């Protein structure tokens, strides 16, 4: 890499731009994880993180990255050979189902088109079929990071309930938590999976499981051998602010600051800010003349926008050009979307001027790569951000 | 101030956005300013800073902000009652002449229009008149930070020489050094005044005097009482990397990193990057329909652009709106330009996406404040940055 | 906690005092874990960490704390119901055996006295008995953090080989790696378990498995369901500097700096420095009149010293007094040693003056708590550090 | 310099060990020095710094190092040719008198022995002689950093008053402020000179003048040409939290944190902590058998201790050995004390374990350099710190 002046724009859909106060907190000297100063910190973050998941139940914090929280959700609630119903929203739901299979879980995968969210009706139908309740859990992704599609979790809960089915509801919120409204208790999730490096604005390295009482009960009978991921020991000692094994102390120092920042801004304001950045991005993209990967406006993600390039143009070339030219990282297309799609992350510690800088970098890349587009996208975005635009979605 | 997410855009014409590696260097623990580790650092920065001023002569580094370097330039070369010829390019040349007067120097001020640079012809004419060589020095500002006008220093030197006048040439490069090409030796400056907080990308707190042999000789006869600002003691002990009194150790740690960054990018590339940001800014401003304070395209500053608002609109209201709305600071109009002009700093650690973010913030402010303008300025800037624009200045 | 001036002395046996350059590296903005800058970093740390384990084989780096590396070592080499032979050196060997049992492994535990290291002879005898090779692995702790006892790993390897037994050798070096000489390849370990927060001078959050070719082969037949901990996917993608799921990017930035620091000092010098700090500590402790938990001088740990208090005195009271009085954290007694023993960590980024400050803090605590001791311990330590002492161990 | 592990011990008598929260505050991005966020900061530090000087009068903060505050005190109150009475307490009083002379002030210097403080009686006698009040000011050093002698400033004030003399009282507290009790208003100082890099625990780069109403009045008639150092402009604009020229913004961010830390601990506790470190140091030094440069126990400095080595031993060799061996910087002997004396700084962010580490490093150096001394000094220091010692000074 040659030298690049100015701030890097990390506009992948996570990890996100880490705010300096969070980095400063992480860079404070490591403290004794068995001492009184840590106990105070532990209590603060264990209690604070519940307000982000919107739950009164325990949230387990692992010194691991998000993928670990996927595994923890499965092995704490299920037994080898159990059946789980999953829904193919894109790459990450696919990876989660593969993980389940590798662990010996029978993951039934309802096919999707990678352009829309979870079909709650299909879930309900399948569960109604499952008269003997062989399906132990339904596992879905709230915000599919590969496509920019957000699913209606409350609808999935209703589907399960309407089917009169006892399956647990496991939800991945890795790329939505702290960016898009999510309500663990109100929406009836049994395990919610989260990570530190997206809306929480931290580096990767913390993984979360928010649980329900039903999930805790299921956990007692779960047959998976487990130790590192085991909830029980965690919850027991978390009461005093401590952890059963060495926690990621410095990231927890950062987590405290990040939670405080989210509340200082106000969660509702944080969500509105992301909605706004997302809509500005979409208006610009549409003005350029590109298709948005998410087909259904009701399911647009406020965390990222996946953009489809016209046939014959390489999204990866475009991304490489933009990285070298404008010091900005964008997300690549995953799985079948490889090289066809690029993803703009607009989540985390982000504001209007960064939205506009990001879109400018994309347009400069389009020009440089000779990808045909209609100019004027920036103005479309700016008009929206300035509040002079027509109704959302009209461009 | 309420909470503002995302990165602050510090787009005043200095202090500038401080790069994180510079801040990290400043935040290293203070070291013994009489020890061997400091001696090494001292030698490195004293030698490195010469490459920025483009001089083989000594550069004095004061633990002071830029205004101190103005005073040092005067008291090391002149005596109370001496006459200095200055040129009114704007607010900072005015302040420097006021300082000279307060110090008991007879500062003759050639009136200017605050929209153009130093008139070398007027300087020459005045010096030709000064048959008895009562004028001891000519003092001018290279880049007038209040107006965004850059003067031709080589022409001023020629004017002095063509007049056959022995006056010293003192030049303020506080807002140009490290952003706009400057050549202390080649252009024949006798004292060049600099500061840390602009193109050098440091916080304020270091002040510089680059000198010539002629200035050093003049210094020996200079009648001002001086101690803190005295060159001689400095130069004597600087040889070993030390300073006669406690230097600003931590800023010097940052200076070393900043000099290395400038050379890693290449000074010519740094200047070209600033030229480019400036031209993009001007095209946008012109497209909006506003006048640029600098009247003469040959004198446009690559460090900042001062923008004139139409009658009846308050530049200070606009700046306040932008600060609150978009987390961006812009420079205010100074002296007679107060509230009529705002200044966009595009110097320091800055790149295309930040240019576009900055201009977007200004346009959002214009919309919010109801200041009439032609939309599409962002596209004009982007086209230029993308290299698809017509000749510079055509917009 | 009331305000405490000055530097905290973190003298638990890990996490250790984190050097500022390591913290600064961790505090750099998070980068794209799929981009070219990360690929370079990934290759550097994956190659650099091998030099610390002294292996030419792969080292897997997990975004997890050390306990995860215990689990990874077991689930990648064994199947549920397999038998493992372990040796009770203290609390951490006990915890590891408990983990094995929770995972469904039959952990046979050779009883120890918590004051000495692994009895290689006992291992050999047991393996000779195991004619049918039902024991699949021998798992031991190199440096038992609860007692300050270092075991002879090469001897354990010889015991296995002399018994003609095919069992794998799994070794925990969490509190020795980077502080006490360890040689994965030369000593014939099959899996070596490590963590970031001790001799590597990082915060907690990275876990390591160094492997052998034999372990990799065993892994292919291992019957544990696994995904997060699975070696194969890791090793496959590590070739290009990448990871199969989000790594702990910022800790990896710190790891690079930490590895560089260890090599800049020289690993042999690092080990000698720890030996020296340990011997100074023991001389002081003995002079005070206290017993060292490690009964066998040949097995003294250079990473920490566990000190036994006389009957009737509370080690936990002493530690609490020292924390409040002198801003220093010490390690507590674990399991049966609770309140009877305190542990002085002298590992990580540590030098003579910190040794002496640490011992001073302990002696001030002893005085304050009225625990009888012979004064003059500091002089005993200082004489040793100054090289004027008698033979090691003579006090 | 070869690599040195562990924390550097910066035990010169300033700059001092900079606490991490102060460094973190300095490393925050530079802000607009004309904006509302800065105004708040400016008001806080301008008001906060008064509590450190214990004054209700203005304190001027310069973006300069301490030597600048010396010059500012002189040029704001005096005219060229004025007479000032100074007292030779050591190197820094000598430097200040030289500066006065270079500025054209007639500095009358009462000779001292470099082992005791200001002789208030001699001051009074001289002033009584000065019937015509030609002496315009008395200028003394509160804590003479070259000798470790603290003078009684209240006594100097009484001497002036008892002599019925109108001279101003100028006091240098560069190495005492924030470490040793000082009371600008109560003790009747007219100008108090301070710097950032000692008891205030900041890097060098801020200089202070606390003033009295009498000094302000004198300033109006002072004949020195001045601009950068001028009080009037400063005080006028300080009211709103701003400065007449660019202040050292990032150091001011650190100053705010430093002031908060001093108050969180409590100024009286800070002073007591320094008294305690100083007495422990002296007991150790005396036990070793060395003479303390300060001859009068009533004048011992709590900020540093200057130690006289026996004839034939080089203090500079000792210091170099300690720097290489133990990663600790000590202060050198200045002027006539060069190579005969070394100075131990025990001021700033410092606690018992650092005192003991520091003394240990000195003793290791003594041993290595073969400088005869009585061992057991550490125990003497520790006994005192533990509160089991006899009356102070008895050793």
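Here are a few things to note about the model shown:
As written, the chains take the letters A, B, C and D, and residue 1 is the first residue of each chain.
Keep in mind that, in the parts below, contacts are C-beta pairs under 8 Å (C-beta built on N, C-alpha and C of every residue); 3 or more make two chains touch, one makes a residue touch a chain.
Remember, predicted model here, so these are calculated numbers, not experimental data.
Listed here as common contacts of chain B and chain C: A, D.
Comparing the centres of all chains, each the average of its CA atoms, the largest separation from chain B belongs to C.
Centre-to-centre, using mean CA coordinates, chain A is 35 Å away from chain C. One finds 45 Å separating the Cα centroids of chain C and chain D.
Computed from the mean C-alpha positions, the centre of chain A lies at a distance of 55 Å from the centre of chain D. Contact with two or more other chains is made by residues 17, 24, 27-29 of chain C.
Touching chain B in their complex are the following residues of chain D: 1, 8, 10, 12, 15-18, 23-24, 26-37, 40, 62-68, 70-71, 80, 99, 102-104, 195, 197, 203-205, 224-228, 230, 245-251, 323, 329, 332. Here chain D touches chain A in the complex through residues 20, 24, 27-29, going by the rule given at the top.
The touching residues of chain A, counted against chain B in their complex, run 3-7, 9, 17, 19, 261, 264-265, 270, 273, 325-328, 349-354, 356-358, 360-361, 363-364, 367-368, 375-376, 378-379, 382-383, 385-386, 388.
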